[in-house]
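Structure in C-alpha cells, see below.
Residue numbering begins at 1 within each chain, and the chains themselves are lettered A, B, C and D in the order written.
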Amino acid sequence: MKRSRLQFVVIGALLLLLVPALAACGSGGNSSSGPKVKVGLVTDTGGLNDKGFNHLAYVGLQNAMHDFSNVVGSVKESKSDADYIPNLQGFASQGYNLVIAVGFLMAQAVATVAKQYPNVHFAIIDSTPSDANGNSLTLPNVEPLLFHEQEAGALVGVIAGMLEKGGTTKLKKNTISAVGGVSIPPVDKYIAGYKWAAQMEDPGVNVLVGYSQDFSDPTKCKAVANSQIGLGSDIVFQVAGGCGLGALQAADTAGVYSIGVDTDQKADAQNVIASAVKRVEVATYLAIKDVVNGHFQGANEPAFTLQNGGVGFAPGNITLSSDITAEVTKVENAIKAGTLTPPTQRSW
Amino acid sequence: MSTTAPETPQAMTGDEGTIAIEMRNIRKAWPGVVANDNVSFTVQKGEIHALVGENGAGKSTLMNVLYGLLRPDAGEIYVNGKLAHISGPRDAIALGIGMVHQHFMLIPPLTVGENITLGREPVYNVDVFDTAKANANIRELSAQYGLAIDPSTRTSDLPVGLQQRVEILKVLYRGADILILDEPTGVLTPQETDDLFVVLRGLVKRGKTIIFITHKLREVLEISDNVTVLRRGKVVGHLVTKETNQEEIARMMVGRDVLLRVEKPPAKPGEPLLRVEHLNVTSEQGIPAVRDLSLEVRSGEILGIAGVEGNGQSELVEALAGTRQVVSGHIQIGDAAITNIGARKIRSAGMAHIPEDRRESGLVLNYSIADNLIFGHQRDDTFTWKGIMLRLQTIREWAERLIKQFDIRTPSPDIAARALSGGNQQKVVVARELSSKPKVLLAAQPTRGVDIGAIEFIHRQLVAERDSGAAILLVSAELDEVRSLSDRIAVMYEGRIVSFEPADATEERLGLLMTGGGQKQEHASA
Amino acid sequence: MQLIGQILHLLITPALWQTTLESGVLLLLPALGGVISERSGVVNIAMEGMMLTGAFAAVAVAEVTGNPWISTLVAIAAGGLMAVIHAVVSIRFRADQIISGVAINIFAFGITAFLNSKITNFQGFNPVKPSAQLPYLHIPILDKIPFFGPIFFDQNIIVYVGLFLLVAVQFMLFRTRLGLRIRAVGEHPQAADTAGINVYSIRYGSVIASGLLSGLAGAFLAIGITNVFNDGMTDGRGYIALAAMIFGKWTPIGSFVACLIFGLGTSIVANNSTLNVSRDLLSMLPYILTLVVLAGLVGKSIPPAADGQPYTPGSE
Amino acid sequence: MAAPQAPTKPAKPGETSMPVIWAKQLGRLIGAPIGSVIFAFIIGAIIVLITGGDPIQAYQGLFCGGIGLFCTGDLYSSITPALEISSTIVFATPLIFTGLAVALPFRAGLFNIGAQGQLTMGAIAAAAVGIHYASWPGFILLPAVLIVGTLAGAAWGGIVGVLKAFTGAHEVVTTIMLNYIAAFFLYYLLRGGPMQLAGQPEISANVGAGAQLPHFLNGNGQLFGQPIGVYQAHTGILIAFAVAVLFYILLKRTALGYEIRAVGQNQRAARYAGISVKRTLIITMLIAGAFAGLAGGVEIAGLSHQLTIRYATDSTGFDAIAVALLGANAAIGIILAAFLFAALRVAGPVMQGNANVSQNLVDIIQAVILFSIAANFLRTFKIRLPALRQTPPGEDAPMVATTVTELEDTEPSEPAEVGDTA
C-alpha cells in the first residue's frame, strides 16, 4: 500500500513535469527512396545542443537529409570520452556509409576505428586523425574537415584593431581580449589570427587571452570575460562554443563589444559587432554530398578557407564605419590572394 | 498493615470537587506482557501522590496512558470528575495535565525562555518571537511559584536540576493543574532533590496536584501524601503515607509471590579473581556514577549487586568490561591489571560479560545465531586461521554444540538472532559468554525479559559456572534473583556500596538499604 | 615576490569581487534552502537536482512567454515539486534521506536532459532573449563609486534578492516563532511534538522551502547569470552549496561566508590571467580549504541533533 | 518511557522448515530489486509514451543494444549483438569495482560517494607508472600499474576513513570534496600539466605495451562480420570477478569482514565485543578506496591505455551507488546490477541512434530504480540505520532510516519473523 502511494506520487510528479513536453513533441524523418546513404554523427561530450560545432554539424546533416532524399542520418551523443570509440564503432559496424566525428578531441578515436573499418568513410571536424603519440595520420577513408580559423579570426581582428585605434570604444584602455575554451588548435588558430590582425591595425593594442577550460558552461566564460573587461577590454572575442555565450552576455552587461564565433551570433547578444564564422554545417554537408555523389576525397579534402568560403565573417548588430569595412575587405582580399598569411600558432 | 483495597470508583458526582484524576480499570498489554492489568488509580486534588513500584511494574505505562502517549486497551479516565478522551499530549495539556518526562523534553541549544514557551510562543508583528514578553511571562511565573531561573540562558548550559525546573515551568506555563513527574529525582543530586521537594510543596500550596513516580522509598515518605504501589502491572496497595513505613512499602513493592528457588550447593570460595579498588566512573552526562567503589569477587563465588536501577550499576559493569573509561581506581583480574586497557584485552584476560541489554549491546540481531555465538571471539585461534579466515565448519559445529548444550530453541544455527524469542536470544548471549571459560563473569540483568523456563535454565548455568571456579559478579534489579543466586550481596546506592550482606539477608533489610535507608544518612555530601 | 605583487593586484580588481559575489549568491540560495531543510531535521543533498529542474523550467518557460518573472516563478515551483518528492519519500516513507537525494539528482538530470532533447528535437533551446533575462541593475551614481560601485551596485537583481533572503532567513530562523519551531523539530522532534507542534507539517514545509530556493537559484543560473540551458548545467553547485552549509555550521550567515569562499575560488580562477598559476590547481583550493575546515582544524561542525532521523510519533 | 520487552513466541522446531525460511529470505532479498527494475521500466515506458515515442521500439533498442537480444526489424537488424555484449562487458568492469567500493562502506554504515575520486586517483597513478616505465616488461609493469592504482585509490579512500574516525567529519561531504580535488588534479595534469600529450590537451601518452591487459579476442580477422579489434572486452572483467569473490570472502569468511558487518549493524554491540570501531571504519575505507583505485588501474590497462579526462567526467563512481543498492550490497548482486547498468549505458546510444529516443531515458530509469529501493531500503536489506527505541506494538514496524553514519545506533524493534510463518 505504501508502495502504491509512492508510485502515485512519482507518476504524478512526472506527469506535471511532462506537461510542457506534450506541446512540443513531434516526429521527424521522411522516408527516402533510392540507394540509402546512412550517415552517422558522433558528437563529442558537448552534446548535440551545445550551441557550438556539434549543433552546426547536426544542422549540416539535417540539411543534407533535406536535400538528398536517400540520406538517412543518425546521431550518437558521447557522455564521456570513453564513448567515442564505441559510438564510432556502433555506426561503422552497422554498415553506415559515412561516420562523422565532431571535434578535435576525437582524433585518436577516429584513427583507431577507421583502421578497423577501412571500407567505411569517416569524416572528422577540426582535425586529422592522429596516432597514440599525437602525430597526425593520413588515412584514405578519413576526410579531415579542417578550417583556416586564423583567417576568420583575422577579419574580426581587423575590426577590433580598427575600433580600438579609432578610440570610440567605451573603456579606452587600448585593450581587447579573447575567451578561449580549451587550448586546442582550432581555438588557438582563431585567436592567433585575431591577435595578429588587431596588432597589425593598432600596434599598441593589448590583447588579453584567457581560457575557461570548458566548452559548455557559460558561467565560466562569463567570469573570464568579466575579468578581461575589468582589465579594460573593450572587445571580447568568444572562442568557446556554448560556454562563450556567457562571454557575449558579460559584454552586454558591461556595455562593451563582443565578437561571436563559428556561426552568426548577432541574435545571441546585443553588442555583437561581428562573428568569425566557420561553416561546420557546410563542411558536414559537403562531406555527405561527396559520399552521396561518390566523390569522397579522403585525406585529399582541401581545407575550408576564406578563399573557398569555408570561413568568413558575419556582420553584427552595430553598424561599422565605412573605413573599417573597407579595411576588412582589403585584408580579406589579401588573404584570399595569399599576400597576407595569418599565423596559426599561439604566441601568448 | 493499613492497606486499603483499591477503591471502587464512587459516583463521579459525589467526588467532583475533590478528585483530580481517576483512572478506572486500565488495561494495556503488549504481546506476551501485560503492562497494566485492570489498574484503578485515584488522585485527590491538591495532594502529592506517589506511584511506586519496581522497574517494569507498569508505572510509566500508566502515566503515559494518562498523558496520551499510549492508548489503553480498556478502561476509562476521568479528569476532575469528567470522562476524558485523551488521544495525544495535546488533549492532556488541554485538560490541564502536564508531564515532566524522565528524559527531559528540552531542546538543548534553545534558551530557557524558548523552551518554556515552545508551542505557545508570544509573538508580535505576525510571527516575530517576542523574547521580552516571553521572558517577562516566565519571570512572573518564576516569582509566582518560587522557581528562580534566567529565561535567557541556553538550556544546555544549565545543570540537570535547573533543567528539571525548566520542565516544570514548561508544564506550568501551559496552565497545568495536575503535574506528573516521572522519576524526577533519578538524575538529581541529594541537594537538588531537596530543592525539588521544596518546589513541589510550594506547588501544592498553590493548589496544584502532583503525581510523583519513584522507587526511592525515602522520598516517598518525605514528600507524598498517599502512595499507590504497583507490582507486575497490578495495583497491590494503596497507602496513606503518614500511616506506613519504608519496610511496608518495600515489602509490597518487591513482593514475594514468585520466589525463585535455585538449587545450589554451598559455595567454596577460592582466590580472589576480580579485585576493584577505589573505582570512580562518570555517567554519560559527566556526573559521578560510581564513587570510590571497592570490591572483590573470589573464585567459586557469586557476588550479587542489589540496588535500584540507576545507582551506578550499569556504569560499574561497563567500566569493568572496558567499554567505559575509568576515571580513577584500579581493576585487576587475578594478578593482571586491566584498568582502561580496552574491551578486547580485558576479554582476553579472562573476563566475560553478559550485557544488560542484549538487543543493544549483546547481539547483532541480523547476524545468525552461529555468528552471534562467536561475537567477540571472532579472532580467536579456535575460530580463525591466523586471525584472518573464519573457520566456518568449526564455527558451525561450535554453534550446534552450544545450541544443544544451552537448549537454544531454533531450527538452525543460520537463523538470524532477530527471529528468536527473548529467552532464546538471552541464551545465545549466555552460551557465548560462558563458553569462553572465563575467570570472571559479569552478568548484568541476565534474565531480564525472559520467560520462566529460560530464567531457571540460565540460573542453573550460572551456578554451574560458579562451581567450576569462575568468579561471578551478578547485577540484577530483581531482588529475588540476587537473593537466590548470590553467595554474598553488595548493596549499591548512589554509586557506592553501602553494605555487604550475607546471602540470607532479609528482603526488608535489603530493600531498606537499596532505597537509602538502614544506614547513616550521608545526605549533605554532594 | 613577483607572485605576491600579482596577488595584490588581483585582490584590488573589482571584477574579482563582482564575480565572487555573484557566484556566492548563486550558491547561497540553495545553501539557504539546505539550512532550512536540515534545521528541521531532513538531510537534503538534492539541491543539485532541484536547481537543475529550476534552470530547465526557467529556460523552457522563457522561450514560450519571453517573460523573466513568469519563468522565475515557474522555476521556483519546479524546484518545489522536486522537493515534494524528496519530502514524501523521506518523511512519509522514512527512506534514507541521502539515497533519496541522490536519486532526485539523477532523476532531475535525466528528466531535464530527456525533455530538452524531446522538446527541441535535440537542438537545445535558443539563448534566452535579453528581454526574457533577469536584469542586471546598474544603480545610478552609486555604481560609479570606485572599486565598490561595480561590486555592490552593478549586479543581477537576484543578487539583491539573495542578500535580502539571507537576512530574511537568518531572521526567520532565529527571531520568529516559525524559526523556533523549525529548530525545535530538527533538534528534538519528540519534545516539539509534546509541546503541541506538528512535526510533519514543519518538515514538509521546510523541505519544500529548500526546493523553492533551489529553483530560484536555477532560474538565476539559467536566465540571469547565463541565458541558456545545458544538460547538467548546475555542474555540482548543489553539492557545493551543501558543503557550504555544513562549513557554515547550518546558519545562513555562516553559509554565506562559505559560499563567498567558493565564489572567490571560482572568481580567482576566472581572473587569474594576471597570475601565473594553473587554473586547475587554483580550482582545487576551495575544496581543500573545506576539507581542512571539516577536519576540525577550525572547529567542529555539529548538525541539528535529529538531522537525518525520520520521526515516528510515540517513540522516544 | 519504560521500554516494555516484547517477547516473541519461541520458535518451535519443525513449525517452519529451513527451506521455507530460505525461500522467504531469498524472496525478500531479490524481490525488491527486481520489483524496482520492473517499476522503473514501466515509468520509463510511460514517459516515452506521453512524449510521443514508441516504448516498444525504445525497449527493443535497450535489449538489443545492451545484451544483443531482439536485434530484429528495420531499426535494429543491422546491430551486431556480439559487439553490444562486448561493450556491455567493457562498461560493466569498472562498475563492478566501484559498486563494491560503495557496498563495502555501506556494510560498515558509511556512505561512500567518493568512488569517483578514488577511481580518478587510481587511474592517474596507474597511468603515471605505465607511461614513465613504459619500457618495462609486462610481467613487472602490469602488476605494478594495477598495484599502484590500487594503492592510490586506497590512500584517497583512507583520508575519508581517518577524517570520519578521528574528527567525525561527515563522509558525504569529505568524499564530495575529494572528488573535486581529484578531478581538478587530473585536469591540471592533462591541460598543460606534466602528463599532457604534446599538442593534445585532455589526453596523455599511451602506457607501455607491457602495461596493457589482453583483450579476450585478438587478431586481425573478422568475427560476426566485424573486425576482431572492435571487440574491446578485456580481461579486466576477470579481475573484477576475482575482486567480487574477494569481497564475498572478506565479508563472509574473514574475521575482518565479520567485524565490518558488526560495526555496520550495531556499533554499540561491536564495542562491547572488543571491536575498535575507528580502526574498522578506516580499514573499510582503505579497502573501498583500493577497489575503486583498481577500477582506475584496470581501465587504464585494459581499455583506454592512456589517461583522459573521462576519469573525472564520466559518472562511473556515481552509477556505482545505484549499482550497490540495486545489488543489495552483495557480490553477486553487484555483478548483476553492474551488467544491467552497463547494458543500459551501452544501449542508450543505440536506442537514440536507431529509434530517436533520447538516451537520457536511461538516467531516468536508474533514478526510479534508486527511489523505489530507497523507499523500501531498510526493510529489504536490513541495513540498519534506524534509531527507534520503541515501536508501539500493534502497528507494523515502521521503515525507519537515518543517515547511514550514526556512530551510536540501535536496532529497530521488529517483530520476530520465524513465528510469523506459522
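Observations, loosely collected:
Please note the rule applied: a contact is a pair of C-beta atoms (placed from the backbone, for glycine too) under 8 Å apart; a residue touches a chain by one contact, two chains touch by 3 or more.
Every value quoted in this text rests on a predicted model; they were computed, and no experiment measured them.
The most distant chain from chain D, with centres taken as the mean of CA atoms, is B.
Looking at A-C alongside B-C, one finds more C-beta pairs in contact between the chains of A-C. Chain centres here are Cα averages; for chain A and chain C they lie 32 Å apart.
Between chain B and chain C the centroid-to-centroid distance comes to 47 Å (mean Cα coordinates, whole Å).
For the pair chain C and chain D, the distance between C-alpha centroids works out to 29 Å. Each chain gets one centre point, the mean of its Cα atoms, and the points for chain A and chain D are 37 Å apart. Touching of two or more other chains is recorded for residues 1, 47, 51-52, 187, 191-192, 368, 371, 375-376, 392, 399 of chain D. Multi-chain contact residues of chain A (touching two or more other chains): 2, 6, 10, 14, 18, 21, 25-26, 28, 75, 213. Chain B has residues 69-70 in contact with two or more other chains.
Taken together, the chains touch in the following pairs: A-C, A-D, B-C, B-D, C-D.
Within the complex, the chain B residues that touch chain C are 69-70, 89-90, 93, 99, 101, 103-110, 114, 118-121, 123, 127-129, 170. For chain C in complex with chain D, the touching residues are 43, 45, 85, 89, 93-100, 102-104, 106-107, 109-111, 113-115, 117-118, 122, 231, 236, 239, 242-243, 246, 278, 280-281, 283-284, 287-288, 290-291, 294-296, 300, 303, 307-310, 312, 314-316. On the chain A side of its complex with chain C, the touching residues are 2, 5-6, 9-10, 13-14, 16-18, 20-21, 24-26, 28, 47-51, 55, 58, 75, 208-213, 216-220, 222-224, 226-231, 242, 245-246, 249, 252-253, 267-270. Of all residues in chain B, those touching chain D in their complex are 30-33, 35, 55-56, 59-61, 64, 69-70, 321-323, 342-347, 353, 355, 359-367, 371, 375-376, 378-379, 383-384, 387-390, 392, 409-412, 414-416, 418-424, 448-451.
The touching residues of chain C, when paired with chain B in their complex, are 175-181, 183-184, 187-188, 190-197, 305, 314, 316.
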